[in-house]
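Given below, in the form of structure tokens, are the structures.
Heads up, the next two complexes both have chain A, just with different partners, chain B and then chain C.
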Partner chain A sequence: MKKIIPFLLAAVLPASALLAQSAAPAPAAAPPEVEEDVVGSLDNDAKIAIPAFATNADVPTQTSAGSTSTLGFSVANVIFADLRNNGLFQPTGPSSLPRPALAQVQAPDYGSWQSRGVDMLVQGYVRAESSGNITVGCYLYDVALGQQRVKAGWTVAPGDWRRAAHKCADLVYSNLSGENPFFDSRVAYIAETGPKDRRMKRLAIMDSDGANHTFLTTGQTIALTPRYSPDYKSIMYLSYTNGQPRIYIIDPQTKAQRLLLSTNNPLFAPRWSPDGRWVLYSMATGGNTDIYKIPSAGGTPIKLTDAPGIDIGGSFSPDGSKIVFESDRSGSQQVYVMNADGTGQRRISFFGGRAATPEWSPRGDQIAFTHIVGNLRIAVMDPAGGSLRYLTDSWQDEAPTWAPNGRVVQFFRTAKTSGKTSLWQVDLTGRNERRLETPVDGSDPAWGPLRP
Partner chain B sequence: MRRALSREEAFGLGLAALGHVALAWVLVMAKPSAPPPPIDRVSVTLSDEMGAVSTSPNPKSDPMADKGPELGEPAPVEEAAPPPQPQAQPQPKPQPAPQPRVAAVPPPKPAPVPAPKTAPAKPQQQTKAAPKAVPATKTPAKAGASSFDQLFAKGIPGGSSKGRDQTSAASQASAQQVASWSSSINSRVRGPWNSCPVNGLDVNKLRASVRFTLDPNGRVQSIEDFDVTGVTEANRAQVKPFKDCAVRAIRLAAPFAGLPPEFHDQWKNRRLNFRKE
Partner chain C sequence: MNKRLTLTMVIAAGLAVSACAKKAPQVLPPDPGPPSQTETTVSNAPVPGSQADFAAQMMGQDTIYFETDRFNIDATDQAALAAQAQWLMKYPTKRLTVEGHADERGTREYNLALGERRANAAKNYLVSLGVETGRITTVSYGKERPVALGSDEESWARNRRAVTVTID
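After this line comes the complex of A and B, so read on.
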């Protein structure tokens, strides 16, 4: 019997253990706090109304837009197009909205805007000064809360009225997104015309929205890879005349240009340093291409790389301490980083395929480049070579350039069959991709900084 | 007496031996017991979200009998003039009423109470109470009220209950109720949260956990200051708009309707975790 007892005990124990468990005391008082998740969408659902800007008196102006009344409509339309074309928010333009009276600009009728389902309201006024200048006032209201968020005003020359509109769009964008502005900026690019074998490539500039388009060179020489100087006063570009490569610096106002460098060796991809005092470029000598820097005022070049193979396409970090560049020293094109004096060179791209044309973001947190795995795609990574993110997915997208705030990238796309090139732009989320309208084909875009 | 064992002892020993053999035979021959029946498994969920108090219906609750609504316009001025008296009168009258109720409360004597006795008793009490109450107050007769409605004004004749409890039978809010309050708050906050523009790289990594309190009317009493988490180099600029939008969403969604004041303690402290994806 004694042997049976342990057996019985063993059989009973688990049951009693279960009983003990189920009889465990309940936890003490639950916290009297109800917690739940609110999950929103990343889509831009904010509805922004931009009615025509009011005016105190409808008088003629020297602007291209006409009287102050039509100017007020055009200013609102430029703001509307800026926000809509960049996929920011859900804007409604002046064509489909009532025009508020001048008195309502500073005291909006919140009720009527709320009944239209509007979340934010951009209002303003246009006033012609006796000097001929134009004053534009810009107000952003939170309609749902019934509060003013921000306001600003600018007095501009008649020819700069679109800049005032871009500044208002920038004010709205910055206030709502927390990002730095970027609309009041210009873009340089290479305008391409003519047959494939005798392509005419001219340097051209335009506003960030494509307005005020101007050709800077005549097309007698081939222009390539332009870059705006940090102070906007000059544009550097590469010129080929009868196979002779030269680096020129041109004044976009006067179209006067000076020669920075001329050699019999192939030159590539000149870039400004952030302070504008240096110019990076690449030069091929005897099958070896290396990166050099030269004072932008002219002087003696300094060689920064010495590896066998092709080192090309340097781009400074915004603080000027580092340079990102492309090298095939590992056997294929990859992205490398080095100090501004050429020391500490190391590879950062390990994504498979090839990686080319790196460009450091003006904000410093990202490097844009062309990733080549079959197709050419625009991608970004962090400066350590992590967080790869594709922004485009087409046949041939290349040569990224950054918006002044480092949140939007422009590039050029080559069509598969026709070989025609066009300028495109995409934001860092990859969601808002659009083509920039240019009078002719375009390549090698270069987005300048915010206008001073 | 040379034998070591007496006859009785031998008999007893033999009996014992026989018994042991029998027991052994039984133990050996008994069919190996069938495998123990599978234990009925009950899935148990261990949850922290336990109410400190029961949310099940109160067994002692004594819900008020169904009553017909009072229809029609309020009585004209003539009857409105003498309100103080009728109001004062009904107060003492209900006092005798509790006595029969106490007797009728089911739990104390569930079995002994014979059904036939209570059933006839109720109509009597109600018919007695009704004539008393009607002349005393005089006010319930509204202009336009149908006689049908008035018949049921005091409850359904023969209705099983004479209780006066007008609140829900449960003494605490059930999980379903709590869930419905949550959804009413969440659905109202999500709209303004979506219409507030926060956009850009890594915004999906940002989190705002906002604690706030509501007053009994569902209005926001206070919002505790908080930090946005999930900040990266890429989304740093969106931290302030993200925070502002979370506060704005709560402010715009308030006041929250449909929250029962009697359960204010259970829904007044809230925490909303905001994100976008």
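After this line comes the complex of A and C, so read on.
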């Protein structure tokens, strides 16, 4: 359904000189001092107004959102939903705000926004290019100071208009919080339907906000545990295509797939290295499961673990130098760290119970995992195994996956008795927990990096 | 194996229903017409050496059960596997798959590896009893294919299992 046309990015950040040329109503050059104005992160209570984006001419577009005028409303609404759904700031959306004229986009009526009690103002415009592409300009103003904080513009293919909105939301979020962006990203997961003893499990993908949802497999065979490649060109996942669990690499655009490795042994738990050059997988031999790595372009597998028992999973540190994984060599599932060549294996989880599915944060400072003491809960610890913190408290939450900026975690929740699964998201405070809307039940979320 | 067993049971149930349709169905089916001769030709007894025969002969001993996170073969499992081996020795060309499973109270990937470990434990025991290793394949479904649908100790105990299925 979604046409993925090569993304024409006129500009990424104000620092880039590319921006202004394509963004007609925008000033000729981006003011570099704006970014430097940020003094630490803004209080999350800041009231942010996001009125509908203006347009130079209300003309039809090839986007799903209609004319440039309705598109301007939709872009603002996507930005509003990004901030609101993630518990960020106190946003007000275009439905309850007056729409600024095009001329006001660069010259906000600060007085009227001040009288509304607004702290920050996100304005922008939408313009249809003769090529059919869409240009979106995005501006963030500090209403109290009467100053522009940051701006950027993007030219995108019609099918990618939501990406421009997510980039604007990312710009606003990053500028105000001091954190790295994360909205312009996608999630692979397993869509589930059917009764508990005959669940159909299909590979599916969607944007970070649930839009542009696509099923990649038909459900004739079980699909599990997907992982997006860092460049988004491939997804590795577990499939029972020929009756046995094996790892396949699928192209999400063509749906063509191939085996990672041809072997008579069961393969589990595919993982990419952060640079995409290596793949981790786990292979069972005579009931004993060990972790291997292999160049993603093909080559000779390297066995990384050799302990009797189950060594499985694995997640690279952001610099690729270390791997966190799980092993039951001590008698129960626990979390271990090793060097990327398999040396220096040592246990880091000593919390009682079992510790499973470790995932290293893209920031490197935390490891998210599933802690099992009766119930299964999502928790984080530091890479030395200290500072345990629970993020969730439910009957069965498992398999955390990090947002590209390492500030938010997605996981899946299984309901007692019915076995129904759902995708959830929680930030590192543990306070902003919410269910992600999916067309059917969902499990095994795998959050990709910021889109290239 | 679920499919095979279910199929067998459906056939058996179908025969039972046609043999004694006592309960009035809520919606009456169309008149089936004069009785055909199928009932006289189809026998309930499975073909000797078939999976249906194996399942019938085992009387539940085609499945062995495990403690939480364990994969050891206890005395009950040994008796069940011995019964399986006895049948398998009678039909030496018969190939089989041992399916390993786990209960829902564990993480997905670990349970896949655990199911594989359980299936291998059963396989190794069958081999020790003289069943040729080349006849046996294993497959793990982890926690993806429960037979007992509750979220309670009894259901979990029934789901921590290794099931032997012969290949027709």
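By our rule, the second predicted complex is superposed on the first by the 403 of 452 C-alpha atoms of A that agree within 3 Å, B and C clash if a C-alpha of one lies under 4 Å from a C-alpha of the other, contacts with A are read in each partner's own complex, and residues count from 1 in each chain.
One rule holds in what follows: contacts are C-beta pairs under 8 Å (C-beta built on N, C-alpha and C of every residue); 3 or more make two chains touch, one makes a residue touch a chain.
This structure is a prediction, so every number in the text was calculated from the model and none was measured.
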Practice prompt. Once the structures are superposed on A, label A:74 by its partner contacts, choosing first (chain B), second (chain C), both or neither.
Written response: neither
Item to complete: Report for A:334: first if it touches chain B alone, second if chain C alone, otherwise both or neither.
Response: neither
Worksheet item: Who does A:239 touch here: chain B (first), chain C (second), both, or neither?
Response: neither
Worksheet item: Is A:176 touching the first partner chain B, the second partner chain C, both, or neither of them?
Response: first
Worksheet item: After lining up the shared chain so the two structures overlap, which partner does A:310 touch, if you call chain B first and chain C second: first, second, both or neither?
Response: second
Practice prompt. Applying the touch criterion given at the start, work out whether A:119 contacts chain B, chain C, both or neither, answering first, second, both or neither.
Written response: first
Item to complete: Examine A:217 and indicate which partner it touches, taking first as chain B and second as chain C; both and neither are also allowed.
Response: neither
Discussion item. Counting contacts the way the document defines them, which residues of chain A are shared by the two interfaces, the one with chain B and the one with chain C?
Written reply: none
Worksheet entry | Sites on chain C touched by chain A in the complex | 2, 69, 71, 104-110, 112-114, 116-121, 124, 138-141, 144-147, 149-151
Discussion item. Show me the residue ranges of chain A that touch chain C in the complex, using the header's touch definition.
Written reply: 195-199, 201, 222, 224-225, 238, 243-245, 266, 268-269, 282, 284, 286-289, 310, 312-313, 326, 328, 332-333, 356-357, 370, 372, 376, 396, 398-399, 414, 416-417, 419, 443-444
Worksheet item: Contact residues on chain B for chain A in the complex?
Response: 44, 48-52, 178, 181-182, 185-186, 189-190, 192-201, 203-204, 211, 233-234, 237-241, 248-249, 251-252, 265-277
Item to complete: Going by the contact rule at the top, pick out the chain A residues touching chain B in the complex.
Response: 22, 26-30, 32-47, 88-89, 119-120, 142, 144-145, 176-180, 365-366, 382, 407, 427-429
